[in-house]
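In this document, chain identifiers A, B, C and D correspond to the written order of the chains, with residue numbering beginning at 1 in each.
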Amino acid sequence: MKLRANLVIGGALFATVVVAGALAPFLAHTDPVMDANLMNAEVAPGSEFWFGTDAQGRDIYSRVLYGARISLTVGIVSQLINTVIGVCLGLSAAYWGGWWDDFVNGLTNLMLAIPSLIFALAIMAILTPGLTSLLIALGLTNWSYTCRLSRASALSLKSQGYVQAAKVLGYGDIRIMLTQILPNILGPIIVIGTLGMGGAVLAEASLSFLGLGIRPPFPSWGSMLSDARDQITTAPWISIFPGLAIFMTVLGLNLLGDGLRDILDPQSRARTA
Amino acid sequence: MSGEALLQVENLRLDLVVGSRRFGAVKDVSFSIGRGETFGLVGESGCGKSITALALIGLLRRPLAFGGGRILFKGREIQDLPGSEMRKLRGNAISMIFQEPMTALNPLSPVGRQIAEMFVLHKGATWHEAERKAVEALADVRVPAPDRRVKDYPHQLSGGMRQRVMIAIALACRPDLLLADEPTTALDVTVQAEILELIRDLSAAQGTAVLMISHDLGLIANMCARVGVMYAGRLVEERAAQEVFRAPSHPYTGGLVASLPLLGARASHGRSRLKEISGVVPAVTAFPEGCRFNPRCQARTDICIAEDPEETALPRGGRVRCHHHA
Amino acid sequence: MLNKWFLSTALTLAALTVQAQEQPRRGGTIRFTAPYATSFTSNDSHVSPQIQDEIYTYALHRSLYRWNAAENKPELELATAVSKSADGLTWTYKLRDDALFHNGRKMTADDIIWSYTRIMDGSKSYPGARHIRRIKGAVDVEKGQAKEISGLKKIDDQTFEMTLVEKADPGFFLYYGQTAVYPAKEAQEPDFFNKPIGLGPFKFVEHVPGSRMVLERWEKYFKPGKPYADKVVISPMGEAASRDIAFRNKEIDVSILGPTQYVAYRADPNLSKGILEVAEVFTRNMGMNPAFKPFSDKRVRQAINHAIDSDLIIKRLVRDKAYRATGWLPLSSPAYDKEMKPYAFDPEKAKKLLTEAGYPDGFEFEWTATPNESWGVPIVEAVIPMLAKVGVKVKIKPIEGSALGGTVQKGDFQAYIWSNTSGPDPLTILKCYHSATPQSACNYTTYKNPAVDKLIDEAGNTDDPAKRIELLKKANAIIYDDAPVWFFNYNKAVMAYQPWLKGLQPNATELALQQYDELWVDASSPAAK
Amino acid sequence: MLQFVFRRLLQAIPILLAVAGLIFLLFSVIPGNFASTQISDGRAVMDAEAVERMNRQFGLDQPLATRFATYVGKLATLDLGTSFRTRQPVWHLIGERLWPTMQLAFASMMFAILIGVPLGFLAALRPGGIVDTVSMVTAVSGLSLPKFWLGLMLMYLFALQLGWLPSFGYGDGALRNLILPSIALGVAPLALLARTTRAAVLEIMNADFVRTARAKGMSERRVVQWHLARNALVIVLTTVGLQFGSVIGQAVVIEKLFAWPGLGSLLVDSVSLRDIPVVQGCILVIVLFFLVVNMLVDVLAAIIDPRIRYS
């Protein structure tokens, strides 16, 4: 019952963002980059500009729509990278064991010990600020939980009959990992990935605040919010709408993750909460 | 089973609550246990025997709920007792041993303290006294070096030892009734016999009545004078233990007995699972019309599908719930 | 024969202070902010070239000269008189005999010579070396070939002689905080910088790095009756939004404003009463790299200047917190030419110039920009559509604020947008456009024009100040026509101050640098005590 | 117990070494150098020769292998090097900043624990109830807010509008100054702790030993006091330890916003100025701090949970 509410509300919020991003060219009123028009600078929200305009006179409504693309890209791609890294390392460590397992364990502990925002900050400073760099920075720094989880789940599955059977049948290691083990541990991994997407969207905002986020021409919500922070007392709408968009998206992803967890991973509520 | 039964259960009904719907997980179950008597409840998992025990001790949790009937303990109705009254009985007059000795003890607390809690709760003992009594209680359940063991944590003990601790807890306050829910199922075969012997000896010594719950008919037969057989939330047969084995009256009981490899030789209980009865126990939400055993019954006729059989008293004592009982 | 003139230090207080009528009140705490970073570098003023650190140096230390904000020129601070030799290279200073370090010891010529020698320590790369290097023999010390700067001679305790490498007015480079005078002996103690002492109006109390520096009145400061306040607390606050809230919450006495806050403060009936504006010597510009083919053509560079509606950007985006640039030298420069007119906004002409230069369909270039609100990406974003109208496409190359200098120095750009100092000394500044100046120094657009070289050389050699100004104006005009950069604007620095803070000076070199000995707080300050 | 602590200490050493190597490699390829950042304010001017001299002075002209050897050699003697910017030992700079960061980290965790854990507890006692719904919705919302935005809002509300607290700065290290930044930093761990506690309590509520406790005839209050609380605490503790990591990470943002003189703001400044020795030192100390906190948490957990102690 409550479980459904999580899923429905979270899913609806997330779907809204996805649709907004996908249909941005149709829904947007203006081009988010080219249509700077200083004659319209800092117009308050109204019938012409639904969310008002920013200091450069750009339509915030349109920019928020296009921003959905960036935030979704950041969330989805960085989490995909994290998940792939985490699952590959975790599965192979559990499956092969030995020195490789020790190595992966060490690496995971190392990653856990460096706060991920600081790690991402370092990577962003090394690469130049931009979308690709951000995807790399966020994609390389948050896989430790996924890795631990997939390793632990894979370890418990490894000795099970059907995996042993697959071995006897002469299936290759990789094939067994992908066809026999992976499908059975996917649930919790999807949950972590969903929650991680929200984290990535927030991390983008934090990095923008520190001057190391995505820079133009992309209108990312984080950079919009960060750029508008000294206008909070004078033109609050410039930061309120991207702020709300971030809030809605992350809230949606968190609720979705919770809801998915109740369905996909009922046992491990406590550990990954 | 003289007139003054210790426990009397009448038409007990327990519901599984799903949303606004209630399913009778246990229905029309009646039995009684006399003082000092050992009564067995047997049946496959999911037949309602464990929740019956939980209902007796007032520990039903959502989504299960009390649905009707009466539970008389020493002649007093206890099914509607307020929480505080029930707590005075629980552990004190009625206590319970669970199936899983591995998890039934608090892992963060020394076993001595977990036993001592009983004396503090029910006997108003100070912790100091209680700890001392805990050593005695451990000695009673034949744990070697009890004065040292009391300081041990559950994970330091073997499964058999833990079950002994559970028994010590359950019998600490010398209850009138002990509910033993599959007390040996999770244990090594070699340990099982010792634990059963312990329960039998101590209950006999203290005059404690025992409700022994198990899926293992052989075990029940060894321990109990009388046996109740449950299937899909109903008590289908209730008779003296020897009678049940000699001439099972209900087809389900017949199946159970037939599945035993050799009476008395309880070498490997694991083998005795009810393989010979084809099919599975139906889900609570999908009990069949008519006799609940009819989909699996080889003696099924039309009436079995159409009508729910009434309880019938058997000539040699006991009851059965079957249109075609032997 | 010596060509002699004296500079008086006895400047009237009235000329300097903004609110001169009131009688300064003694006591209280001045709660200043250092707005350019989240911390100070250290307690050693020689170590950092940043304005941020000069903000505390102004309270703690003194240099040989000080900047007179009211008259917009340097004046003697630690000396009472100076004389110049006929060749204009040797300067003789008569030091004041009432300047006491915070331990009570009197300053002598040794302290100045030692301080300058320290700055030239080649193994330390002190930023002030850039200035001291103009003294003869300083480079030898830097290279380790000499122990002493040959161009510095002590005559007696209160007199010393300084010989320069070339003609220049030392006032323009020896007023920086990086050339502050330390007590020679004491500064060599190992724990000197835990509790540094100087000649300034306030002495060091504590420095909580990243939080604040606290200083208290130096009773024996050489200016009688000064300073007024008992204490100065300077908080480094790099985050504009936090500064805004702290200022509105009356927790700090001053704040440097950006464009958006400038608008907000002007619109507020209370806050608008406490705004100090000054035309600062910073020129905002887009540098164009002639190594990038289109920008090697003067007509293209002019076309860019014509294609951008700078006035509109200044009005709408910079919120009038800037003055339209009419050349490199800014309004507050002595060589500013009032006759110069800015490039007109004329897309037609821009289009024509581009066509003449062979780019009828325009071209695309990469524009390196930092996140800076006044001279970074936000400006570029507003320019993009304007340039698009004449066919020029812009790709923004975003870069971290601190990486800009290094990138430009290496010539690793097609175009950049920056804010460069364009004062106070016009000669020093225009030398950046001398072809002999390498790109890594400050000729960032590798500008080269023999006519400009000649004018600058002449200006450097003349002894007649008026003639020098004339020559520099001419050079400035040529540079303007060559348009190595898009001349965007001169910064209008804006400081918001609380009504109780008095004595602020309109310092055109950098508004955040205030002489604390002239500041005072009236009784209405929460920290008036 | 001592043996346990000792073992955990030993485990930390390879991690520290790996971190040291990793950050050295990362920051040896970082574009730009300290010298050239010095002119980015457009005021200072420095020619190529000066830049080169400075780089030579900092040893940046040496080949990578040599630099690494020097770095490792210094580390072996616990020398973190000298700051490019201030020319002071890195230890000295870090020493000045460590206490404020620890204050902030501990204060925000205390805030998170003192509110989050009881809240999660209350929520779990009546799952689906009003307390549960409200607190969990609030928790998820708290998790979904960008930190600096939240910080700004707190400043705006409590400092500017209500005038209750100072909006920025360390002051004398007084509690007044600590409150707003700790709240801004503590909201996310609070939310996570509330959720973890709730989940842990719910899980343990259904544990067999809790059923045993009820079967003993204990009141719910006793069940919670004697059995449930400590078991939930072990799960919560682990989360607390891990949350310390993200709190120290996020402190970077909050310290910058509130002008808090901690390691985080030193780190950000040093990254942008390419003051590499300080960056390396800061990260090492942050990691060390995290490891120490987690070790303490583990020791605490081991005191409560004998299974950890003996495994």
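Methods note: a contact is a pair of C-beta atoms (placed from the backbone, for glycine too) under 8 Å apart; a residue touches a chain by one contact, two chains touch by 3 or more.
The model shown is predicted, which means the values in this text are computed figures rather than measured ones.
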(message) By Cα centroids, which chain is closest to the centre of the whole protein?
(response) D
(message) Between A-D and B-D, which chain pair is linked by the larger number of C-beta contacts?
(response) A-D
(message) Farthest chain from chain B, going by the mean of C-alpha atoms per chain?
(response) C
(message) Suppose each chain is reduced to the average of its Cα coordinates; what separation in Å results between chain A and chain D?
(response) 21
(request) Could you please state the distance in Å, as a whole number, between where the Cα atoms of chain B are centred and where those of chain D are centred? (result) 52
(request) Could you give the separation in Å between the centres of chain B and chain C, each centre being the mean of its C-alpha atoms? (result) 90
(message) Can you work out the whole-Å distance between the CA centroids of chain C and chain D?
(response) 39
(request) Could you tell me which residues belong to chain D and also touch two or more other chains? (result) 31, 152, 156, 256-257, 268, 272
(message) Residues of chain C that contact two or more other chains, please.
(response) 241, 245, 248, 400-401
(message) Strictly by the criterion at the top, what is the full list of touching chain pairs?
(response) A-C, A-D, B-D, C-D
(request) Within their complex, state which residues of chain D touch chain B. (result) 207-209, 211-219, 222, 226-227, 230-231, 234, 304-307, 310
(request) Using the touch rule from the top, collect the residues of chain B that touch chain D in their complex. (result) 57, 59, 83-84, 87-92, 95-96, 98, 100, 103-109, 117-118, 121-122, 153, 155-156, 166, 169
(message) Quick check on the complex: what are the chain A residues that touch chain C?
(response) 33-39, 41, 55-58, 125, 128-130, 211-212, 215-217, 227, 229-235
(request) Can you check the complex and tell me which residues of chain D touch chain A? (result) 11, 14-15, 18-19, 22-23, 26-27, 29-31, 127-128, 133, 140-141, 143-149, 152, 156, 192, 195-196, 198-200, 202-203, 235, 239, 242, 245-246, 248-250, 252-253, 256-257, 267-268, 271-272, 279, 283, 286-287, 290-291
(message) Applying the document's contact rule, which stretches of chain C touch chain A when the two form their complex?
(response) 240-241, 244-245, 248, 258-261, 263-264, 267, 309, 312-313, 315-317, 371, 373, 377-378, 380-382, 384-385, 388, 395-401
